[in-house]
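Take a look at the structures listed below.
Presented sequentially are two complexes of chain A, the first with chain B as partner and the second with chain C.
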Partner chain A sequence: MPGMRAGKTVRKRLKFRKEKDVVEQIIFYILTAIAIGSAAYVVLSQQLIRSVFMFFVTLFAVAGLYVFALADFVALTQIVIYVGGVLVLLLFAFLLSSKDALDTISEIPSGLLSANRLPAVLISLAFFGLLTYTFFNIDFQNLNWITSAQASGNVKSVTDDTIRNIGVNLMSRYLLPLEMISILLMMALIGATQIARKEPKAL
Partner chain B sequence: MIPLQHFLLIGAVLFSLGLFAVITRKNAIQILMGIELMINASILNMVAFGKYDKIDNTGQIFGLFIIILAAASVAVALVIIMNLYKRTQTIDPNQTKSLRG
Partner chain C sequence: MNFYLLYFLVAFTIFGFIAVFSLFSVYAERKVSAFMQDRLGPMEVGKYGWLQTAADILKLIQKEYILPALADKVLFTIAPVIIFVAVYLGFVALPWAPGLVPATMNLGVFYVFAIISIEALGILMAGWGSNNKYSLLGAVRSVAQMVSYEIPIGFAIISAVMISQTLDLQIINYNQGILAIDAVKFLGFVDVTKIGGILAWNVFQAPHLLVAYVIYFIASLAECNRAPFDLPEAESELIGGFHTEYTGLRFAFIFLAEYAMMFLVAMLGVTLFLGGWNTPLPNVGSLQLATYTTGVFWGIFWIMTKCLTVVGIQMWIRWTLPRLRVDQLMTLCWKILTPLAFLCLVISGLWKLLL
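The block that comes next holds the complex of A and B.
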């Protein structure tokens, strides 16, 4: 009797896990569809301002995909820096600079196969084909480093504390790249303000 | 668990779309948006591979570094675009032929 009950609970738990997996996959593929669809809209739309706003949606959906790759901190950073900083900056510059592009719908002939766009379509399709060909030729489950990581328990699970790990690693193992990037960021921002400042009239 | 290949395929699609934007667009800011799309695809790949590196966490940390560098590059690029607009009244890269303005 107890054995039967245990078997039942195990089966129930297995069923529950399977349902959770199904929900996870459904959400993942919805996010994928949103990301790819909005990215296609960004790329193909004739109305420029709409494509800029659609880029918000793309960035949010890609942040959701990062969460599914167990990188919640990267997803939050993406939202804070990209959506909050970079995209607002982009919108700002866009509204300041391309007034004529906003007034008139640009006269690029639409249609993917027009002479204007055919080479670009061919190049990007060829690149995509090359990448997918590579992905389907590699057996990812039997790669050396992946099997060794799985053997030594070096694989992330959902319950892991990644933020603490990132903090400790940034201050110990990746200290030199962190410092170099901070110096580079400072140089870039100083350079940006230097370029942006008004030139003296005497020149 | 979502298989690794699906992440890589999504990354490939986003990267190709970004490449298409960089080639076809006639507006410097939209070219910049295409570059951002490509950067996002590469971060997605980094993060997806980082699942198999729990102790060092290289994928996620370098994903963070990429985000920071992209922010810096966008700041510089936008300043350059604004300067270009101030001098030539256009941000179409096809029409800006002289380097000294």
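The block that comes next holds the complex of A and C.
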């Protein structure tokens, strides 16, 4: 009976679809748990070097979350720039700084409400409050810009080639910001070379 | 659920391949070095010593894990895993034959480039975690070298990508042979879409890519920390560099990562510049050599042949050239390779605009 068999495969496919969704959700929650846990470790750890290495885990987990947002290019850029660049720079800064300078950091009183921690505590609590307020006040299913984009068909699917879009936009609509950033980077590069240069011997 | 089983199977296959490849390339390396230095090399275990590396790995597995008393235990333990996983993940995007690629992604080239950069972090972790002057010096040297050489390697890759007009490694492969989606032009003007073979490879589609490939090859030697760029493990000054303190299986993983990295950069270079899994034999008139020698098994055969040749050249260079000094290394990178690679990039741009 071909009809019955077709029904069976459809049901099977639906079941498969559901299974896939479940696995995706599990991966999503694992990634968020890793991101939050490692970020907490970065802040709470007393050993600076472990914080830096743990920050790598945070960045990696966040890159994974970007993939869920269909921003795979941003995810990879995050890995190249932050893990391959900024984090290595941080580590070098750590390795090159003297032991005394690092010891003074650990001597700072570490009570939760001590004078030098209070501003940070206040700011983070305020931001947390803001986030929870937004979260409970917004109906995420019926946001204006989402419904209008869905109505006009302006949506991305998983298999879409996003980089072509990024490339075209960078070279047309956002050309001025791109050029400004490149000039800024150029200035930083020249400045760094100037600082790193051997100074001519005095006298 | 079968779907997920397939994922695991692919992952295990890649791991198995890396393990077997490293086993035999260590043997090959020792034999090549012996040949270069007019010795015999390993001769005891098995005929011509071909079981030598299997015996070595058995010994490594049985060895005790030694944790230095003052080492940072966590960092020291996970560093080899991170170094290996960084390289292992790179294999995910690399295509083996028409229709045979572990994961199709439209950002393949960028992905491989990104994931390799994690290795630097693992090396730094190993160097710091060992709490040993030599390890730390080796690690810092290694990372400085890898970060510097990422620039010419990046420019060389981009100049090839600009000719191919895509970041998907599989489409880059397709566009270098008879299965091409777009028209393939030999030297920019002769249409060889139907002829294929060696004429359709990227290096012959745009001849300046030959220079780009040489830059890529030199820089990739530095990325693998291999001679003449093996300053991170310069044994005359640093004992063993960042892996001085490692023993047993942990050491084996670092070693595995090094050989996997050799194959990975060879495979990426072959895919971007030397036609990937495409056959070197062109269709000549009624003799359809390219059509005969294109397929899944032929694809695997060609890419293995090309990659093993490149790995062989890497070994040949290691046992021929002396080690560079640090200042020579940096001069080569910043004053020679980077400007040349940048020139290749500009030519690629003009090539696409004008031809």
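The rule we apply is simple: the second predicted complex is superposed on the first by the 160 of 203 C-alpha atoms of A that agree within 3 Å, B and C clash if a C-alpha of one lies under 4 Å from a C-alpha of the other, contacts with A are read in each partner's own complex, and residues count from 1 in each chain.
Keep in mind that, in the parts below, a residue touches a chain if its C-beta (ideal position, glycine included) is under 8 Å from a C-beta of that chain, and two chains touch if they have at least 3 such contacts.
This is a predicted model, so every value here is computed, not measured.
Overlaying the two complexes via chain A leaves chain B and chain C side by side, clear of any clash.
Looking at the superposition, the partner that touches the larger set of chain A residues, chain B or chain C, turns out to be B.
Residue contacts after overlaying the shared chain place A:128 against chain B, while chain C stays out of touching range.
Of the two partner chains placed by superposition, only chain B is touched by A:150; chain C is not. With both structures placed on the common chain, the touch criterion links A:59 to chain B but leaves chain C unconnected.
Contacts of A:97 after superposition: chain B is touched, whereas chain C is not reached. In the superposition on chain A, contact is made by A:73 with both chain B and chain C.
Shared-chain residue A:50: touches chain C; no touch with chain B. Across the superposed structures, the minimum distance from chain B to chain C, using CA atoms, reads 14 Å.
Once both structures are placed on chain A, chain A residues 73, 77, 85, 162 are touched by chain B and, in the other complex, by chain C. The touching residues of chain A, when paired with chain B in their complex, are 21, 24-25, 28, 32, 35-36, 39-40, 42-43, 48, 51-52, 55, 58-59, 62, 65-66, 68-71, 73-74, 77-78, 81-82, 85-86, 89-90, 93-94, 96-98, 101, 106, 108, 116-117, 119-121, 123-125, 127-128, 131-132, 135-136, 140, 145-146, 149-150, 153-156, 160, 162, 165-166, 169-170, 173-174, 177-178, 181, 184-185, 188-189, 191-193, 195-196.
Note for the complex: chain C touches chain A at residues 1, 3-4, 72, 74-75, 105-107, 110-111, 113-115, 117-118, 120-121, 124-125, 128, 136, 140, 143, 147, 150, 167.
Looking at the complex, you find that chain B touches chain A at residues 1-10, 12-21, 23-24, 26-27, 29-30, 32-34, 36-37, 40, 43-44, 47-48, 50-57, 59-61, 63-65, 67-76, 78-83, 85, 91.
The touching residues of chain A, counted against chain C in their complex, run 16, 19-20, 23, 49-50, 53, 56, 72-73, 76-77, 79-80, 83-85, 87-88, 91-92, 95, 161-163.
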